[in-house]
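For clarity, chains are labelled A, B, C and D in written order, and residue numbers in each chain start from 1.
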Amino acid sequence: MSEFDQMYREVILDHYKNPRGHGELDDADAHAEGQNPLCGDEVSIFVAFGEDGDTIDEVKFSGRGCAISQAATSMLTEMVKGRSAAEVAALPRDELLDEIGIPLTPVRLKCALLGLSTLKLALHKARGTPLPEEWAGASSDLELK
Amino acid sequence: MAVRTKPRLDARKLRADFPIFEQEVRGKPLAYLDSAVSAHKPRQVLDKLRTFYETSYANVHRGVYTLSELATAEYEGAREKVARFVNANEARELIFTHGATESINLVAYAWGLDNLGPGDVVVVTELEHHSNFVPWQYIAKRTGAAFRAIPLDDRGELRLDTLDEIARSGNVKVVANNLVSNALGTINPVERLGAWAHEQGAIMVVDAAQAAPHHAVDVQQLDCDFLAFSAHKMCGPTSVGALWGRAELLEAMAPFNLGGHMIRSVKLEETTWGQLPYKFEAGTQPIAEAVGFGAAIDYLNDVGLDAIEDHERELLVYALERMAEVPGLVTYGPAPERRAGIISFNLETVHPHDVAQILDMEGVAIRAGHHCCQPLMAKLGVAATNRASFYLYTIPEEIDRLVEGLHKAQKLLAQ
Amino acid sequence: MAVRTKPRLDARKLRADFPIFEQEVRGKPLAYLDSAVSAHKPRQVLDKLRTFYETSYANVHRGVYTLSELATAEYEGAREKVARFVNANEARELIFTHGATESINLVAYAWGLDNLGPGDVVVVTELEHHSNFVPWQYIAKRTGAAFRAIPLDDRGELRLDTLDEIARSGNVKVVANNLVSNALGTINPVERLGAWAHEQGAIMVVDAAQAAPHHAVDVQQLDCDFLAFSAHKMCGPTSVGALWGRAELLEAMAPFNLGGHMIRSVKLEETTWGQLPYKFEAGTQPIAEAVGFGAAIDYLNDVGLDAIEDHERELLVYALERMAEVPGLVTYGPAPERRAGIISFNLETVHPHDVAQILDMEGVAIRAGHHCCQPLMAKLGVAATNRASFYLYTIPEEIDRLVEGLHKAQKLLAQ
Amino acid sequence: MSEFDQMYREVILDHYKNPRGHGELDDADAHAEGQNPLCGDEVSIFVAFGEDGDTIDEVKFSGRGCAISQAATSMLTEMVKGRSAAEVAALPRDELLDEIGIPLTPVRLKCALLGLSTLKLALHKARGTPLPEEWAGASSDLELK
C-alpha cells in the first residue's frame, strides 16, 4: 500500500465525505469550541447526557477542517456514544489514534486530536473538573468560549 | 565597457548551487514551492559560514588580538554589504537584528514607548503579516494610542479611500505596511502611504521581509523611515536580519535590548548609550550569521535582483495559466504586474492541509495555513489558503508537478 | 554495568576537533585564551549545521510537508537537549532566544513592565555583566522601581551583609545575579541569594552565561525562577541562546517580541497568545542555530561537564602559579576552589591594551578591557584588566606562552 | 623589522615613557574630556590660546591610556602648538597617523585618535562651531562634560 493510500484510506475518506454526528444540539449538556491555530480550523462539540447525567447519549460536531480532523471527529462521535462522561474525559488518545490507524506527523496529529481535545474540554467544563495534566498543553490551543 | 543586455538568470544552473536539491523527498525530486516562508541556501553561503568559523571566528569589537580583528572586519564588511543592498546613506544606519520580526519590535518598543500616547493613532493594514501587526497593536495598547488597520476591499486591495477618515480620528504617528504581501504577493503602494504618513507627521515603517529577496529595494527612493528584513528569506542563514533606520531617528531613540556592547558608560546612577549602530546591538551579535548574510547578498547581487524579479514574474504568469486548468481552483491576489512570485489559492471543498499533504506525497512542498495573516484570512472569509511561492531556483517543471498534484487532490477529495 | 572512574578529558585530543587550531596566527600556532568571551566550534557542530542546511532545512512548525516536519523535529529535539542540560522539568519551559542578553531582556521587559512600580526594588550586584545590569536598571527606571546593586568588598566578594538594609528599603521584587562572574571567575552564592529573594517574594534571575559552558547547571537545585545562557560560549553557534523559566511564571507573563508564530488568534480588536514555549518565540526562530546548539550540548555531554570543570581548575592552579613569577603582576578574584577558569590581572604600569597587543604578536589571544563590567572596574579602581580564560581545548603550553609574553611586555613597557 | 618592533618603535616608546605636554592648565581657554568605551581610557585636553584668540599657545593632556594613545596624544601636542585653532579643528586625521607611522587595526585606531578627537571637541566647543560631519560618529564616543 502506498503512503498515499495509507493516509487517505477508504475509511478516512468515508468518514470525511459522510461525517457521522455532524450537526449541533440546541440544549447541549456539554459544549466547547476548539481551534487549531496553525490552520485556523474550528470545531464545536455538543454533548447530551442520559438520565444518569453521565452517560453520553448524543454527541454532535460542527466546524471546518481537513479530512483528517473531520474524519477523526466523526469516528470519535461513534466511539464515545453510550460511554460514561467520566471515562471519556480521561480517554487515552491512543484509543482514537488506533481507530484512525494512519501514520501521523506531529502537525497532522494536532488535526487528528482537535475533536478529542475539544470534547474533553466540554466534558470537564460540564463536570467542573480540571483538565488533566496531559491536556494542559493542548488545551491552551483551544479557544475557551 | 561592455554593453550589458538585460540580464536573465538560468534557474537550472543556479539550482546546482543548492545542495538541498540533491536529495529526494519520498522518492521524488524535491519541488520546493515555499520560498516565501524561507529560502534554501547556496553552497557559497554555507562555505562562507564554515570558513568563517574555521579561520576567523572570535567575538567582535572586543579583542585587540588578530582573530578578533579578523572577525570584526568580516562582520562590519557584511554590514556595509547589507547597507549598500538597500542603498542606505551610511552603514551605521544598518542595524543587525535577528530577523524582520525583531527589527519591527525594536522600532515599536524603542520608538513607540516614548513617542506614543492617548490621542495618537498607529496605522497598519489588514494585509500585514502578524509581525508587522501585533507589535503595533501591543505597543499602542501599552501607551494608550489608538490602533487602526487600513481595510481591504473584496479584491484584497488596500482601501486608500479610508485615509482621510483615519487622519481625522487622531494624530497619526506611525504607518506600517509591507512592501510585498507574503500572503497575496501584492506589491503595495508604500511610497504613497509614506508620503501620506509624512504629511501627518508620522513615521513610515516598511516591512520588506518579502520584498528584499525578490526585487531591488532602495530606502532613498521609498523615502521611508525604517525598513525591516530577514536574511533567511534571501538565501542567508537563520537568526539574522536587519533594520535600516534614518540616523536622526535612531540617534534620538532609546535603545531596545540592553546589555554588553551597546553602552558608553555604565554606572549605578546612570548608563549612557554607545554610538550607532552599536547602541541597538546589545550582547554578542549574530556574528557568523551576519557574515553569512553578507555572502547571501553577494550571491543575490551576482545573480541580479532584476533578473530574479523577471524570472519570478515569468513563473507567476505560467503558473496562473496552468492553475486555471484545475477545476474548482480559486486564486487570490492582484494581476501579475503588481505582484511578486506568490500564489495563494484554494481548491473548492478541499482543505488546504489535505492539498499540501497530497502534494507532499508527490515531493511538492507548498504551504497551507493562515500565513501569519489572520486579519486577511478573515477578510477573504477562509480559515486558510494554499500558497505556492517561487525563487531564483524555481523551474517550470515544479509548477507542472504542482498542477498534476492539484488534479489528484481534486479527484480524491473534492465533494 | 561498567564501573565508571572519574572522567578526565584529553585536551590535546579534543583540540583536534577544532579546525581553528589548524592555522597559525602571525606565524605561530594559535593560543586562544579568550574562551570566556566566546568558545571555538568543534567539527561536530559545524558538520551538523551544514548537514542540517543541506538536507533538512525549512521553516519550522509551519509546513505540512516533509522538509518542514524534519526541520521541526530537529529544532524541537534540540530544545529537549538544552532543557535536559539544565534539568528543566519540561521542554516547554525552555525558550530559544538569540543569547543570554536577550534572555535577560525578555524577563526584564515582559515580567518587569507589568510587575514593577514605585516602592519596588530591583537588586543586582556590582559583579554583574552589563547584560544583567543595564536591562534591570532601565526597566526599573521606566517603571519607577528603585535599582540597587549589592556592593563588593575590596576582595571582589559580594557583601551579603547589606541584604538586610536592602530588604528594608522597599519591596524587593527581582534579584539578578550571575552564577559565574565573567570578569573574576567567581562562583557566586546564587542559591543563598535565591533563598533570600524568595523570602522577599522576589523572583530570582540567574545569568548562567558564564557558568553553563563550564560546569553542570541544575535549575531544580539552584531553585531559581529564570536562567539565561548563550550557545556561542559553549561550542555552539552565535545568535542562539536560551531562557529557562518556571512554567507558571512564563504562563502568567506577557510576551516580549510580538509577531508571527507566538499567537493563538489575531484580530483587530484583540490578539491572544500561543502556548509555551512559542509565546516567546516570535518570528522565524534561530532554526539552524538551535540545531547547532543541540549538537554542542551533545559534544559537551560526551566530554563530560565534570571533566571540563576539573580540567579548567587544573589549568587555573597552574596558571596562577606560573603568573606569580611575573614581576609586578596583580591578579584579581577568589581562590581556585570558588572559581572558574578565568584570570583577570594587570601588569603594573603596563596598559592592558599593550599587554594584549604584545601577546597577540606571539599568537596568544587574551582579552583586555572592562569585560562589560564597568561597575566592577570602578570598584577595583582600574579602567580595564587583562583576562585569560580556559576551556576544554586549552593546554598548559598555552599558559607557558602567555607567561613568556607577559615577561616580554613587562620588559618592553614597564616604566 | 618585525611587526613587533614596528608597532612599538623607538619614537612611540619614547613619547609613551616621556610624554610631552603632560599635565593640566588651570585657566584653559578650551577643554574637553574623551573616553574610549572599549577600554575605559580617559583623556583630558587643555588648550590656551595666544592673544589673537586663535593661535594654540599651549596644549596639555592628562588621563590614562595605552602606549599608543599616550604616545599619539603626546605627539599631537607637539604637532599643534603654534598653529591656528581653526586649522587644527579641521586637521585631517592622516596628518597625525602619518606622524605615528605604524600600522593600526581599527581597534588601535580608536586609541591613536582619542587625543585628536578630544582636542577637536575642545576647540569646537570653545569656538562654538559644530563638530564636522567626519567626527559625528567619533564624537558620540566622547563624554561631553
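Throughout what follows, contacts are C-beta pairs under 8 Å (C-beta built on N, C-alpha and C of every residue); 3 or more make two chains touch, one makes a residue touch a chain.
Keep in mind it's a predicted model, so treat the numbers as computed, not measured.
Student: By that same contact rule, can you tell me which chains touch chain A and chain B alike?
Tutor: C
Student: Just how far, in Å, is the C-alpha centre of chain D from the one of chain C?
Tutor: Each chain's C-alpha centroid was found; their separation is 37 Å.
Student: Using the average of all C-alpha atoms in each chain as its centre, how far is it in Å between chain B and chain C?
Tutor: Roughly 31 Å separates the two chain centres.
Student: Compute the distance, rounded to whole Å, between the mean C-alpha positions of chain A and chain D.
Tutor: 76
Student: Where the centres are mean C-alpha positions, what is the separation of chain A from chain C, in Å?
Tutor: Centre-to-centre distance between chain A and chain C: 45 Å.
Student: Specify, in ascending order, the residues of chain A that touch 2 or more different other chains.
Tutor: 38, 108
Student: Residue numbers in chain C touching 2 or more other chains?
Tutor: Residue numbers touching two or more other chains: 26, 62-64, 68, 263, 265, 353, 357, 368-369, 374.
Student: Mapping chain-to-chain touches, which pattern fits: line, ring, star, complete or other?
Tutor: other
Student: Dump the list of chain pairs that touch, please.
Tutor: All touching pairs, sorted by chain label, are A-B, A-C, B-C, B-D, C-D.
Student: So in the complex, the part of chain B that touches chain A is made up of which residues?
Tutor: 26, 351-354, 357-358, 361, 368-370, 374, 377, 383-384, 412-413, 415
Student: Inside the complex, what are the residues of chain C that reach chain A?
Tutor: The contact residues of chain C facing chain A are 61-64, 68-69, 72-73, 92, 263-265, 272, 274-276.
Student: For chain B, which residues are in contact with chain C within the complex?
Tutor: Spelled out, the residues of chain B in touch with chain C are 19-20, 22-23, 25-26, 30, 32, 34, 37-38, 40-41, 46, 49-50, 53-55, 57-59, 62-68, 98-102, 104-105, 108-109, 113, 126, 129-135, 137-138, 142, 147, 149, 230, 232, 237-240, 255, 257-261, 263, 265-268, 271, 282-289, 353, 356-357, 359-360, 364-369, 372, 374-375, 378.
Student: Can you name the residues of chain A that touch chain C in the complex?
Tutor: 35, 37-38, 105-108, 137, 140-141, 143
Student: Please give the residue numbers of chain D that touch chain C in the complex, ascending.
Tutor: So the residues of chain D in touch with chain C come to 2-4, 7-8, 13, 16-17, 38-42, 64-69, 108, 111.
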